[in-house]
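Below, chain A partners chain B and then partners chain C, in two separate complexes.
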Partner chain A sequence: MSRRRDNYETSRWLRFKKWVDGETDPLSSGMDAIPVVTEGQMRERRKNLALRKAYDEELTRLSAEHADKTEIMKARGIRNFQKFYKVMSVILCLAIISVLLWTIAALPVTGGADNPANNEVAARYIEKGLQETGAVNIVTGMILDYRAFDTFGESCVLFIASCCVLVLLRLDADSKNDNIKKMIAESDDRHFEPKDDIILQKCACVLVPVIMIFGIYIVLNGHLSPGGGFSGGAVLGSGLILYLNAYGYKKMSRLFTEKVYRRTTLCALTFYCLAKSYSFFTGANHLESGIPTGTPGAILSSGLILPLNICVGLVVACTMYAFYTLFRKGGM
Partner chain B sequence: MSFVQNFPFFSIILAMFSGIISSVLSGKKARNLSLVMIAVTTALSAGTLLFCLRTGESYPYMMGHFPAPWGNEIRAGILEGVTAVFFGVVMFLAVLGGLDHTAEDVEENKLNLFYIMIDLMLSSLLALVYTNDLFTAYVFVEINTIAGCGLIMIRQKGRSMSAAIRYMIMSQLGSGLFLIGLSILYDITGHLLMSPAKESVAALAASGAYRIPMLVIMAVVGVGLAIKSGLYPFHYWIPDTYGYATPTASAVLSGLVSKGYIFLLIKIFYRVLGYDNLVSSQMVNVLYVFGITGMVMGSLHAIHETDTRRMTAYSSVAQIGYIYMGIGLGTQYGMVAAVFHIFTHSATKALLFISAVGLYEASGDKKDYVSLRGAGYRNPLAGIGFTVGSLSMVGFPMLSGFISKLLFATSALESPHKMLPTLIVLAVSTTLNAVYFLRLVITLYSRRRPEDAPIPEVKVRSSWHLRLAILCFIAVNLVLGMWSQPIVQAIADGLAMFG
Partner chain C sequence: MIQHLSLNIEETVAVILFGVGFTILLLHRNLIKKIMGMNIMDTATYLFLASKGYITGRAVPIVVDGVQEVSAYINPVPSGLVLTGIVVSVSTTALMLSLTIRLYERYHSLDLDEILILAKEEEQT
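After this line comes the complex of A and B, so read on.
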């Protein structure tokens, strides 16, 4: 066996070998973001808060007091970095804002007749929209017939967002995890809520039917007048939330439970998916879809737009209500 | 119109529909449905690819009764087909390999929600691949982002919550920038469909009008999608996100999600903004600089890491840097290399994350170097899988990583100004890759010493899903490494169709 070098313990090779074997941790020295806070430094920090101006003298005095100079240097480094970070973020934001404002100045003037956006696309929507889709409200015709694929994507965005909220906030009563059982016990604060508030109930009594009917009207007349599934669904959802606040979960659960929520969303999205798949398939293969557009202006007209509006409205209303109940403690 | 041409539309709708249906299924049924759906969509994509290869041209597909600038449209070609097939295969293997851990990490009543995320994630990836419309792209980018957040936070252990929040903030920032870019583009061209938008962009570039907005669009769209795919200075969400999610989610996020955005970026570069405009506006040089910085810095961060999953995550930063370097070279050949590296990296990184699961199982779920010592003997197949993945990342011949490095090096020769830095950084980055990956491989195959802490209840054999997934991933790597020529040819043909 060959003789080891005298300074083998400190040689680079041994350090490299130890690092390969995972014995040394390169992070253990010099990389720690959190400095060890001693009592003296805490005192120093409090003083610093009070006396920002005298910061430097304070630091040198303290460093003389405490032999541990490097710790203070580190703390100072972090503080300087934080200051630097704040300043830089402000500068960066201002830079981005000014670049974007500068860009706006270079864009075509709003409302100009010969803007690039006023081209054959918009012209056909306006001139032939009524005839081709049967919808008096051109916007609805656009989002639910011309560009229905995008709108299906948007409904799926709502669907997956509510799924994410379910992942995050739903607590299952039959969960095996002890932690979650504890959370359920803690979160049941429904009996603390004010009950039977007479003013709220009377107001809700008057308002909820009006809100609901108005919401249904907006959804059903989406193809005839301004409105449609997204806005009508939001109105319906707010009506449900108001009713819940006035009369509590017990009464609400007669109408709307998680099961109802899931089934409604499922049915609405399934119908949307199947109906639009049929329409896409026939359209792309140049087949007759056989869906009548009806007489423009009548409630039963414009082909698939009315049922699709209802689907979108249901999904939006359910998502709004689900968000509200899940963000309160205790779930649906 | 032949029936095969409907397949891209079928695959997107099928993925979305199974996501919707899964909301009322039990976790197990949702899982099976998801696996079947991924297999079927992959087969459909393969059909599309074969059709495009046979006819040798791409075709647009009308989504509805109205032709292109008025209605929605998707488009299928060779490159779209190859990418969709590849994404499907990686998705299938990632879900298959992580089955047991998904069941462990996710609460039982929320298992179906996990598979909803997987289904919608696949649908959005397919839509990003096939889209021919910028707004459709944006809608599916949104679905992709939200599904990504869901996949991370569903684990609800350790730091996955903060990782999800970090991911959400960074990703939303990217989406916001992308949307600003699209709005400005619509304002100056009046089109959202890619082909007419490209014509107006070319006309604007020729006449010299709206120069500032064009520049801002390029910067904002490029940076937005670069943030979302984790290019170097915007990479801070990567290590936590990939390091603390459940294995399937890590494999999907690192292998597919970031690649979907890069694919979209390439598509926008070619099909909307015009690659020549980008080269002349110096935007590619910015991406190039970020890319080569990322190649070195990502590897340096990875060397510092003691948690092997975070190390693998940091290596992604370096590999994303490679892809952007290829895009930034500004030549057709560099782009081919970048697209090939997209495939290489998604196959290899998913293999690394999935096979690492087998190694952690054999080491009492510890992820540091000391605990993993000798894990290659305790779980031989996972050890082989990880070794193959590491060697591929380092660039060992016969494996896919070698081919992409070769492509990068040869394409660098074509751009005189960037040749030297590219070759030097490639060499440095390869050495750094070797340092941290081979360190781990050596650790896996070194004997445990008596002073090491004993391993509690070693699970000797992984389940058959995991083993099958590892074997298939190794096969994919070998195929990419040994029969690369037809794939490279297909990529080049597909990019030519983009132009």
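After this line comes the complex of A and C, so read on.
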């Protein structure tokens, strides 16, 4: 029988577990990303700015008469600089366009079959893609098999972007800081729209299931037809957003909370990373990977592409929904 | 040169769009309009890439009826690159918009010049 260690409460594993569950916050002391600017200070600043503008206008008016010479010179200098800046930026843009057009005049004609871009790499993907990846859609076979780490990087870029937006826009709902409480009250914009709008709810009732099924269809058929994780995930995310708009946060929180978001994206990205590392490792060492490619054209075919598409679709759907809620009210 | 440009009409349009986006970035002081200019530049890049991969008279690279000759399909590589570009542009746009929201909350203005003046004043005090 195992005995509990005496310092179990402070053990590293329990602290890690608490941190994963979001019960403790390692940055709880002393990090405050919310700017502390009171209303009064802000009004003062706006007034200063307005005063300055009035002062500038006064100066331009005075320049007709004579006043202090250096001040007039200063105001004139700023105006001249602004004009100069506009002219120079237009000239710069025209220069860039003309240089690029000149380059294009030297490029081969669009649509030619023997252009240097259509080299042996593309030929190899087309000729051997179906046998090696099992995907009928050659683009999907390329991005999720030959170049799978590229797509992994893309999903990570999306995930990191959503993390950055979370850091910038999240407002802690249980915060005791008065400023943050006020910001939450300000950003809650549901007061300004009709609650339980019957037209929107009935439309969403019909549309949301169709949109969801369409999104799932696009994700699952990524290797057979145009589509895949990114486009299907965007469709799924838009379905979630429509449901949220029609029925509100309370009903949405039964299906989708911040915890669900975090766990889904983390699991999807980890699975993607491990599965693809395994398949690249076996492939590079000429080992049998044991992943069947199936018959091309069937839905359960093409090895790892289908699960990877599902992972990418989950990440994209969660990210789109997270972007929406964070921009809307600063939290999920 | 003009004749060659008319043959490469997609690339020409892409380059002009790129220039338009860049001009918006430089000339507008409103942050939201700057982000729009950035998105126009992104779109120009996609158009350029897509037109590079196109081959006249060939089909999309989805194998139909087991035809696997190179002469049947367009180049699949630029299509994948456009996909990467779209995802990255969505991410950067979201990041820029959230930064804009925070800047607006602090300075109550979207005008970049005003924000810079206010920030300098704040630094001095």
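The rule is simple: the second predicted complex is superposed on the first by the 250 of 332 C-alpha atoms of A that agree within 3 Å, B and C clash if a C-alpha of one lies under 4 Å from a C-alpha of the other, contacts with A are read in each partner's own complex, and residues count from 1 in each chain.
One rule holds for everything that comes next: contacts are C-beta pairs under 8 Å (C-beta built on N, C-alpha and C of every residue); 3 or more make two chains touch, one makes a residue touch a chain.
Not measured: the values here are computed from a predicted model.
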Practice item. Give one word, clash or fit, describing how chain B and chain C relate on chain A after superposing. Key: fit
Point to revise | First (chain B), second (chain C), both or neither touched by A:Tyr125 | key: both
Check your understanding: Between chain B (first) and chain C (second), which does A:Lys202 come into contact with in this model arrangement: first, second, both, or neither?
Key -> neither
Exercise for review: Examine A:Ile143 and indicate which partner it touches, taking first as chain B and second as chain C; both and neither are also allowed.
Suggested key: second
Practice item. Look at A:Leu107 in the shared chain and tell me whether it touches chain B only, chain C only, both, or neither; answer first, second, both or neither. Key: both
Review point. What is the contact status of A:Ser89 with respect to chain B (first) and chain C (second): first, second, both, or neither?
Key: second
Practice item. Answer with first, second, both or neither: which of chain B and chain C does A:Lys251 touch in the superposed model? Key: neither
Exercise for review: Please indicate which partner A:Arg15 is in contact with in the superposed arrangement: first for chain B, second for chain C, both, or neither.
Suggested key: neither
**Study point:** Contacts of A:Arg79 with chain B and chain C, given as first, second, both or neither
**Key:** neither
**Study point:** Overlay on chain A, chain C to chain B nearest C-alpha distance, Å
**Key:** 6
**Study point:** Shared chain A contacts, counted only where both chain B and chain C touch the same residue
**Key:** 100, 102, 107, 115, 117-118, 121-122, 125, 147, 150, 154, 157, 160-161, 164, 168
Review point. Touching chain B in the complex: which residues of chain A?
Key: 19-23, 25-27, 31, 99-100, 102-103, 106-108, 115-122, 124-125, 132, 145-150, 152-154, 156-157, 159-161, 163-164, 166-168, 170, 172, 174-177, 180, 262-263, 265-266, 269-270, 273, 277, 279-286, 289
Practice item. Show which residues of chain B lie in contact with chain A when the two form their complex. Key: 1, 5-6, 9, 13, 16-17, 19-21, 23-24, 61-66, 69-72, 107-110, 113, 116-117, 120, 123, 127, 133, 135-136, 139-140, 142-143, 146-147, 149-150, 153-154, 180, 184, 186-191, 200, 210-213, 216, 303-304, 306, 368-370, 372-373, 439, 442-443, 446
Check your understanding: What part of chain C is in contact with chain A in the complex they form?
Key -> 1, 4-5, 7-12, 15-16, 18-19, 22-23, 26-27, 51-58, 60-63, 68-73, 75-80, 83-84, 86-88, 90-92, 94-95, 97-99, 101-102, 105-108, 114, 117-118, 121
Revision key, fill the gap. Within the complex, chain C is touched by chain A residues 35, 37, 42, 45-46, 48-49, 52, 86, 89-90, 92-94, 96-97, 100-102, 104-105, 107, 109-113, 115, 117-118, 121-123, 125-127, 129-130, 136-139, 142-143, 147, 150-151, 154, 157-158, 160-162, 164-165, 168-169, 183, 225-226, 230, 296, 323, 326-327
